[in-house]
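What follows are several structures.
Look at the two complexes coming up: subunit A is in both, with subunit B in one and subunit C in the other.
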Partner chain A sequence: MQSAVEVKGLTRVFEPKKKKEGKSVTALNKVDLRIESGELFGLLGPNGAGKTTLLKILSTLLLPTAGKAFVAGFDVEKDFTEVRKRINMVSGGEISGYGLLTVKENLWMFTQFYGMKSSVAKQRIDELLTQFGLADKKDEKVRTLSTGQRQKMNVIRGFVTDPEIIFLDEPTLGLDVNASRVIRDFIVDWVQAKENRTVLLTTHYMMEADQLCDRIAIIDDGRILACDTPENLKKLVKMNRTLKLDVTSLKDTSKFGSIAGVEQFTFQDDAEKNQTYLKFILTHDSAVTDIISEVQRKGARILSLQKTEPTLEDVFIKMVGKGFE
Partner chain B sequence: MSDTWLITNLRAIRGRAYPRVIGSKREPSWLFFDITLPLLTVSAYAYIYKYMDAPPEFVGFVILGGAMTAFWLNILWAMASQLYWEKEIGNLQLYLIAPISRMSILAGMAVGGLFMTAIRAAATMIIGILLFGIALSFAQPGMIILVFMVTMVSLYGMGMMFASLYLLLGREAYHLSNLLTEPVYLASGLYFPVRALGFWAAAGASIIPMTLGLDALRQLFYPSSGSEYGFLPVNTELAILAVLCVVFLWLSKYSLAYMEKLGKTTGRLTLRWQ
Partner chain C sequence: MAVSHDLRTFKNAAWLGWQMEANWTDPFVFATYSIVKPVAGSLILVFMYLVITGGETQTPFFSYMFIGNAFYMFVAEVLFGVTWVIHDDREHYMTLKQVYIAPIKFYIYVFGRAAIKIAITTVGVLVTLAFGVIWLGVEIDLGAVDWMVFIPALLVGLLTMLIMGLALGGVTFLTAKHGMGINEGIAGVFYVLSGVIFPITVLPEWAQSISYLLPVTYWMEALRRGLSPDLMTSLSGATGLSDFSNLEILLTLALSAVAFLFISSAIFRYADKTARRKGKIDWTTSY
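Coming up: the complex of A and B.
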């Protein structure tokens, strides 16, 4: 099957405007990457990692210094017109369009650059505005929109042309929880609605990458450090899972330490509250069921349960050696 | 060139022209700034000519020049510097990733700008004619329209060429636009017959399409005395303007392609910090 994106040894060096003004910057350093059609692929990395540079090359806005990049099977350097027919791009915090146009006019204008028939464009714009909860704003001037509303409009702009591959550069940057959720839900629905739709999403929100992406590449300093599913990436971190239970007072705790999959067990009684706090370090998830059964067998009642697992942030810190600033 | 390609690019021209066309309706303040203020300048020259007992057609020359001023200002501030501003607000990269000819974007800007400015210029002319009781001849309407159209195509072709060149200049573009305002008013004879500059100076100024276009229009609107003050015969001026059309449109296509390639190599077209 045709890959949506294929990148081989991609390098991009930015030279200073004048030699005296500073050193050249290597934004991408021999990057290899393959994204299959139909994937929702995440590129996770801190500011300056090279995410946006990679997206600009794939969207035909920048030339690589070395290496090759193919989008929908077309070379981004030679066959850029074919690439452009199949893609669109949305950036977080973009202020594209014209403030004196209404939301609907602004979106219509961008559809015209893709040769869409006006009637088709207007119908699709109406559908998307409704989906994003912006239908009541369609006749408002763009300059009157809030940041969240404006970003929803930008996302609609990217999807309204129904591209095969869409590049989303931090699409929920700086948005509130509700606006982010609407956009994330839409992205997932869109990619699943039709075969061979592909999303390449850059983000530095770990939760967003974890929640949305089929696969994630961790990028730092222009290099891909790891690329796999979120679950497999988390397995790279040899961190124990912990289970914390607050239960009604428990007299006998002798058997908890010997349950299979429990590496370490500690507890603390709180006589005043008539509660017992249990803490387990687990080597295997299957121990959870046995622990809960043992609590019930002893006649105690579970008041709260908290389980912690390795997160993408733990993976990122392991790979990069630092968290996001 | 396929039909689909042509239709896509025609739609792109319409799409990019739209904000300019609708803008003239949405921002009524232009009625004051773009019609009243130029009329003040025109009136000042008109009263000078009247006070000096200059031939009456000179007031007409000034009114025509005042109308053409609107086009030159539109070229400088809404064509030449436009791509730079599009880059600053993030639109340029969206234009560049679209599967269309970059000339369609420039053509859309030109068509929209021409439409909007034509209304302003017409308003300046009508008010000026009524205010000063000017009598223009419409003996050759076809020729007047032809000269005007050819002048506009070459003038906006020049604006399209400037648009890509201005991208190189960044913020300095603002100063260049300022620099090109008043000197061009003088060189292209907006308020007097360009012939007064002498042959070689007028010939040099003819690189700006407005110079020959305005001179030809003055001769057509004043057929009896126009040739007395005209620089070159109308047909010659029309032929030169036609050549300028081709030259400027070709140069704008070439310079835009060059700028895009340069931008893709250096990253300067899409990355604001560069």
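Coming up: the complex of A and C.
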């Protein structure tokens, strides 16, 4: 069966404008990836990990420096015309659109660029506007829409052409809870409604990736660190436990990372509340006693304690060595 | 199938272009603006001419200047129009990447948008010429127009402008707003060196050599010969192109269109690929 996306040794280096101005940046470093047709695939990584660069290459906006990328079996570099017939792309936080046109006109115009029959396009636009709660805005000029409504319109623009493969770059970025839920539910329904529809989604949100994706690749510094189902990824830290502690402000946290049984340690200070949040990934439960002793030795007081099973975030921290914050 | 898709792309791009050009105000204001703008633009030059010549408009050179200046609107609007589409879509509406990854021939989209610029500019040129004939005595006699020269000259010239605009559009892929400066520079070169408002014979010899290489020089000459044959007969010898027959002028214009078709396509393809290589298709500079 034809893979929806296949990437082999893909490398993308951004050179500085002038050599004196700085170093080159390797956004993607020999990335290998295969996404099967019909998959809802997630790409999880911090800012600057290379997620958007990969999507731009796959959507024919950017050329790779080295390596190959195929979408629906077509080379993105040489057969970009064939690729474009089969894809669409939506970027989160996108407020683009022709402000002088109405919502319906904006969407209709793009359907025409994709060769859709006018009657089919009109029906589909109406359906999607209703699904996304924008039906009452269809005759409004785009310039009058709120940021969230513009984002929704752009998500509709991506799906209205019924692509085989859609690239979604943080589609719920900056949206409120309800709007995000509408989009997430729609993505799941869309990919399941017809065979061989494929979604490649990048996200910052662990919950979103965990909830939506069949498989997830964790990417950092332009490299794929792990790629598997959310369940299998969590098994990578199956033997570990997570301990979260909220304590009164701690000035010195240097010892926590070296306590026996602690595999990963992160912390965050909240100066306003005068609190420190500690998070540990443990290989041995025995470390809990030593951690509590260390907290007390530093003169801090424990405000709350929570021990949890591994989450996707824990997998991410284990792989990347840091959280998103 | 491909042709019908291209036609549909052209039609929708033209429709979008029309919305952009005309949909910002009510039809009456737009109509008024469409008439006042070109006339006001021409009057600047007319007043300058009147000051220099002491109020004399009934000379062949006044008509020469007025007609050239009216048709120059096409040069400026088409060259700017094509490049502005790319700049505006990328920086203002942020839709360039969405249009770019659509399964269309991008240059057809650009031509569709530019077609509306041409249509609106045509109205401006007609209004300006009518104003010149009625109020300023510009020498155009509709009964004497050589349509066999004028129509092909107009069409081939417009095509040449579109083709040249495509090359500048390619350059715009690689530049930010300052790309507009390049267009202004090129349009300025045409204005000065192509016999738009004065014959090229007043230029130094080295500049005349450049003039003979510019398609706009032949375009302006052909348009004037078609529109006002008597005027050009009276100026014979003064325009620098008197040795060319009408056919030779048209053929030179057509050949330059073909030459620029190859040059502009090559520049556009190169710029397109370079923009993809450098990641400039969805580049916003906040200018």
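A few comments on the model shown:
Everything below uses one rule, namely that the second predicted complex is superposed on the first by the 254 of 325 C-alpha atoms of A that agree within 3 Å, B and C clash if a C-alpha of one lies under 4 Å from a C-alpha of the other, contacts with A are read in each partner's own complex, and residues count from 1 in each chain.
Rule of thumb we're sticking to: a contact is a pair of C-beta atoms (placed from the backbone, for glycine too) under 8 Å apart; a residue touches a chain by one contact, two chains touch by 3 or more.
For clarity, every value in this text was computed on a predicted model and none was experimentally measured.
With the two structures aligned on subunit A, subunit B clashes with subunit C.
Contact with both subunit B and subunit C is seen for A:56 once the two complexes are overlaid on the shared chain. Within the superposed three-chain model, A:70 lies out of touch with both subunit B and subunit C [touch as defined at top]. In the superposed model, A:115 makes contact with both subunit B and subunit C. Overlaid on A, the two complexes show subunit B and subunit C touching the same residues of subunit A, namely 14, 56, 59-63, 81, 84-85, 87-89, 94-98, 100-101, 105, 109-110, 112-115, 157. For subunit C in complex with subunit A, the touching residues are 5, 8-9, 12, 15-16, 19-20, 23-24, 93-95, 97-104, 109, 273, 276-277, 279, 281-282. Against subunit A, the residues of subunit B that register as touching in their complex are 4, 7-9, 11-12, 14-16, 18-19, 22-23, 26-27, 89-91, 93-100, 105, 264-267, 269-271, 274. Within the complex formed with subunit B, the residues of subunit A that make contact are 14-15, 17, 56, 59-63, 81, 84-85, 87-89, 91, 94-98, 100-101, 105, 108-116, 141, 157. Here subunit A touches subunit C in the complex through residues 14, 56, 59-63, 81, 84-85, 87-89, 94-101, 105, 109-110, 112-115, 157, going by the rule given at the top.
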